[in-house]
Amino acid sequence: MSTLVALARAEAVAAGFAQRTTTVRHLHVAARPLVFVPLSMAGEANAPLAALVGTDPAAPRLLVVPQPRNRDQRFRFAAELAEVLLPYLDSFRGVAEAVPVNRGKEIRHRYVDAPQVLVPNPAGIQFTRLLGRSTRFRRTDGDYPVHPSVPLLGRWLTFLADRAEHPGSCLLLAMTEALTLHWATGQSPLEDNHLAALLAWIDPPDGLTGAEAAARAEDPLTWPPAGPLTDPTFDNEVLAPLIAAYAEAGDDPGRQARAREALAEALRGQLAPTWRLMWRGLALLRDLPPGARVAQRWAEDRDAFTGFASYLDEGGHPQPRRDGAVVAAQRLHRLERALQSYAVQRAYDDPLVMADYRLTGEAFVGEVTLADPNRIDDSGRRRVLRPRIMLRTTDPVQVTPGTAVYSPDRPQQKARVVLVTPRPDGTGTDVVLELTGGLGRALTPAPGSVPEVGERVCYTTLSDGFMPPGEFPAREETPWTHGGPPTADEEAVEPTAEDALEEWE
Amino acid sequence: MTTTPYRWVLPGTPSLGVVAPRAGAGAGPAGSAVPPDEAARRAVAGVLAELSSGDHRGVVVDSPPGAGKSTLVVRAAGELARAGEPLIVVAQTNEQVDDLIDRLAQAEPDLPIGRLSANDYTASERVRHYSTVRVAAKVADLGGSSVIIGTAAKWAMVPEGRWPWAIVDEAYQMRSDALLRVAGRFDRALFVGDPGQLDPFSTVETERWVGLTWDPMQSAVAALLRHNPELPVHRLPVSWRLPASAAPVVAEAFYPFTGFSAGTTEAQRSLSFTTAGLGGGPVDEALELAASTGWALYELPARHTLRTDAEAAAACARLALRLLERGAVAVSERDPAGRPVTADRIAIGAAHRDQVAAIRSQLGPAGAGITVDTANRLQGREYDVTIVLHPLSGRRDATAFHLEAGRLCVLTSRHRHACVVVARAGIAELLDAHPSTEPVHLNVPVKFPDGWEANQAMLARLAAHRTTAR
Amino acid sequence: MTSMNTAERLAAIRGGAKPKRHNARTIAALTRNPGCARRAVLDCAGIDKQRLAAYVDFPARFGQSQFAIARGNAFEAQVKADGAAELLTLLRERLGLSIPEVAYDDLASVTGREQESPEVRYARTRTLLIRAATGAGDAGTLFDHPLLRINVAGQPVYLEPDLIAFQAGGRFHVVEIKSFAIVDGQADAGKVSSAAIQSAVYVLAMRELLAEAGFDPEIVSHDVVLVCPRDFSNRPTAVLVDVRKQLAVLRRQLGRMTRIDELLAALPPDLSFDLAPDAAGVPTRDPAAIVTALRAIDARYTPDCLAVCELAYFCRHEARGCTAALGPATREALGGIDRVETALALAHDVLPPAEEQAEAAALLQAAARLRAEALAGAPA
């Protein structure tokens, strides 16, 4: 944790309210997100118990599994969820835009919008992943046929859960993480996993401080856990008798309907508070101004969505159980690149994030005190334009001569540190920089391309430049050092009857 | 020829897996009956014989600190090249590539060597002055080279070509995914590295691949051996760097299952000062203790501090500068008549970059030639005397990063003569209070030594060499 | 070794109540915050922390869902059904054994007498295990419900594990049955971690038992067999878990417990957590007195306590305003300053730093300046 974020936490303690740790929003918030609040049964790997799901805060759909250990009912839950989720996903496949690729030689299409699913917390993402895992290999024929929407749902849920690992992606978000990215509370990060307490710190009800509201939010009677796990007391005192009553109702349709209704009401009572919190969280996020590079990352999400939709159109098989060697290495490579550029982009978009780097000496802000915009370097074979500027900063500069630095204001330009001189009177440091790139084509710089005397500019070692993608062997050429070509478990293949029959009871 | 791991090691030494050795009697260093140079010679001969036998697609050589890894690489490269086997060498950093070229070109003056480089690489002085070395960005431009050397990152960009042999240097520092990207370039390979050093890491936090044998975040050797458990694993048994005072300590703390011994005797190495320590403050006491015993723990009063603890940084700097002032002279098998310990023979090591910066600024111009660096960057390097800012000094709680055995191992195994550890008092209590809440993953071999235990072991040894700063 | 005095002292601290039984879980918990003196003293004295926490009005929230319990029991019963037939198949596979015959000994039901003393049951376990270690033939044996013993702070503690010890060819393995799932080879790392440390307690206890009888303790393997449901099914699967690291941690922390005397020496001589129940068993002690007694022992609160210690809500309340309550990472980033208000006062330059705070103050001031500048909308 950076000292700036820690300081914000300390200030939150003193103020009794959460404090901002960013000046802009670093996430895309969709115009029409889908909120998904799942509950699962304690003790089981992934037994859905209930869920509230939908795009309308006033009209969530309640899904209930009266006997969570029953295999058929589990898949009925999946099919019902698919009834909501699949049309939602499809609704983004209307309008596509053309994107030039390969330096304009080709074009590719991508949808102009994409779905966004929100769950309460990281455990909700894990639930989504497991539900995807348990449904994507199911078959619509054979011994235990499921509704055709079930394996399709499984593929989509898996896609979303995988995408949630991708730094900066906003297709599937956990609300607690989205909020803690922008606010610091006066409690520990561990306690921030509690959605009600977290929101209490950020936006307490009138008349209460965040700290007071958070203390109340810990009472599971008023604020049931945001799932997927339920409150054990609720399990023992409410849920267990209701499930038993449903089971006892047997084939009596009247009794069964009543028992089911009672169960649904109890579960709705557990889910509804979280449902409301989700929309409140969304509203809070929406109120923040988006960072400049958020749209660019959302475009990547739209690309990923478009790509996966067409993969499924072409009859794409379910994602394998585990990544094979090559796929794992490629994915790690992608994640590392995404993580780095996400970190850089947030700093470029947000002075408060950049302040973290200023504190550690990886960035500095200063006023230009001298500028030689027309400086020509003729030491080489060719005369080249190499303007120099000097700026004065009070930040603790840690860069050394020779280091390449970049400015968020002129991302196309590169600067090289020439000199770092602490001022003798202790009023800061003078830094001389030599600029290359982004100056136009002539031997005089394009207007505005060189910072002028008096301008305040920021330079940092963080670069948002292009990183060439790595090269990997083909999957079937996985080398002997890594076990040779992958097996069926690591390949996307048609599920076999055996896959579909994983034992359940 | 039958092959078993460590077959040249004295009988009775158990065959041990590399990543998760079975518990066994702590194998004594191999030098008890056989003289060290003979033990080392046999070890190298064993590796070379294994290579030429061609029985295995891969041979792994574990090399503890200063055990002659580079010598082995140079010899193996020379022998393979002389046998007419085209060969590539994969190193991890440009610095390592240049080091290897320098040594190989010197050892094999007629061998045509190619250096595969990035476009913007400018050849360093030590590479340029050999007429046998060619530098190019493409393999095609290095035709005629018997050996082509490049970094793993550079080799990963080479889309085609296949060589009968590769030598992968610092293979424990290399990540599994990096090996995956280059393994298509060779049929067989010699993997050389130090298992006690820092593991490679990733900035990405995910448990997605844990348990998989090809987990891209593990080390290249771990992946290799999990897929090819039958590959022979050799071990260089003698450290030529670490003095007799350090080899058993480092071996016990960081190589508990394999061990190694010092190649030199206590009589062969000594450190003395040309000027007396007037006043005899604790700094001098620590230096003298280190000179006479090989170790010193310079202990500052207990206090929870920032990472960049100014007092500790100053103490590191003062110890290093005082060493220069006192005109330390190192006598060793290389310089039996003694050689002054100049600034370039001294290193100060720390865990974090900001600590390095803090120490550097305390050193001032007088210490300009002294190396100050993080453990990561000190890997593979060697000095006469090292001063170490203990990774746990002044901390309130330990994290996995600070406890990592490899970190302390790198820091305390760079020296030929003496090592002074600077620390705030209270590390023992910190270790005792450390909660053990580490997650446990299925199907992941347990790595030894455990950082917590290695730290305990090291601390127990250092306690006997304590000087209290006043 | 703890002297009699220590035992008496601990009994006095506990008051009239019977000492709370330890089990592998509570012993494993000792490793989760070993720096906390409060917890060490209460645990060594065998005090019911859950009851204490409720009494001072900070009840622990460690409820267990009956669904989870039912699932755990059902799974265990299934694995052990038919003379542990399923378990044996798994053991043969995992351990690569071709054991033709396996006997099944349920040590709990030999006599069926519930009130049998732990000493008697321990003695029987001991006899059977030693016999198995001595007369190891081809046959394997599964021991269900053995009663083991371990020393905690000088006191023998009996462990009633629902564990199975498996012996084949003179070598023992601890078998731990858990009902969390292993999906595609992966399981919740926190749950595996808890299972590993609990199993390590059993390994340690069995090793001590056999070592006392003159056997090589290493005949109890450090590879524990963890049996869990596979994927989403009820079918069991088994993996070996190497618990050597956990053994080392346990040995060390149990070793430290014997130094409890040092902690006790620093406490008020009349310290007691006696709830002083009246004839009807209703506690009469003023809760405020219990709070005072708790305060007399230093705690070391961290947010992790919430998941592992019954007193967490009490200690969290006590730690309000401390940077420790915000988590170790926050405390470190705040320069290790103890109190939140001190950190803020230093950051805003309204408190002259003490000598040892000077560096932290400089850092905090720089951070406060940068934060204020960025929030004020200065350009970056």
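A, B and C are the chain letters, set down in written order, and residue numbers restart from 1 in every chain.
Definition applied: a residue touches a chain if its C-beta (ideal position, glycine included) is under 8 Å from a C-beta of that chain, and two chains touch if they have at least 3 such contacts.
Because the structure is predicted, anything quoted here is derived from the model rather than measured.
If you draw each protein chain as a dot and join the dots that touch, every dot ends up joined to every other dot. Chain pairs A-B and A-C differ in how many C-beta pairs they share in contact, with the greater number at A-C.
Distance between chain centres (mean CA atoms), subunit A to subunit C: 35 Å. Measuring from the averaged C-alpha position of subunit A to that of subunit B gives a distance of 38 Å.
Multi-chain contact residues of subunit B (touching two or more other chains) are listed as 212. Residue positions 185, 304, 331-332, 335, 363 of subunit C are each in touch with at least two other chains. Chain contacts: subunit A has residues 322 touching two or more partner chains.
Subunit C makes touch with subunit A in their complex at residues 61, 63-72, 179-181, 183-185, 229, 231-235, 303-304, 306, 321, 323, 325-327, 329-335, 340-341, 343-344, 347, 363-364, 366-368, 370-371, 373-375, 377-380. Residues 57-58, 156-157, 159, 176-177, 179-181, 183-184, 189, 202-204, 206, 208-209, 212-217, 220, 223-224, 227-228, 354, 357 of subunit B touch subunit A in their complex.
Residues 20, 23, 207, 210-212, 303-306, 308-310, 395-397, 429, 432-443, 445-446, 448, 450, 452-453, 456 of subunit B touch subunit C in their complex.
Residues 1-11, 13-14, 20, 23, 41-46, 130, 133-134, 186-191, 220, 230-233, 235-236, 239-240, 321-322, 350-352, 354-355, 358-359, 365, 395-396, 408, 456-458, 489, 502-505 of subunit A are the ones touching subunit C in the complex. Against subunit B, the residues of subunit A that register as touching in their complex are 165, 167, 322-326, 328-329, 331-333, 335-336, 339-340, 360-361, 398, 470-473, 477-483.
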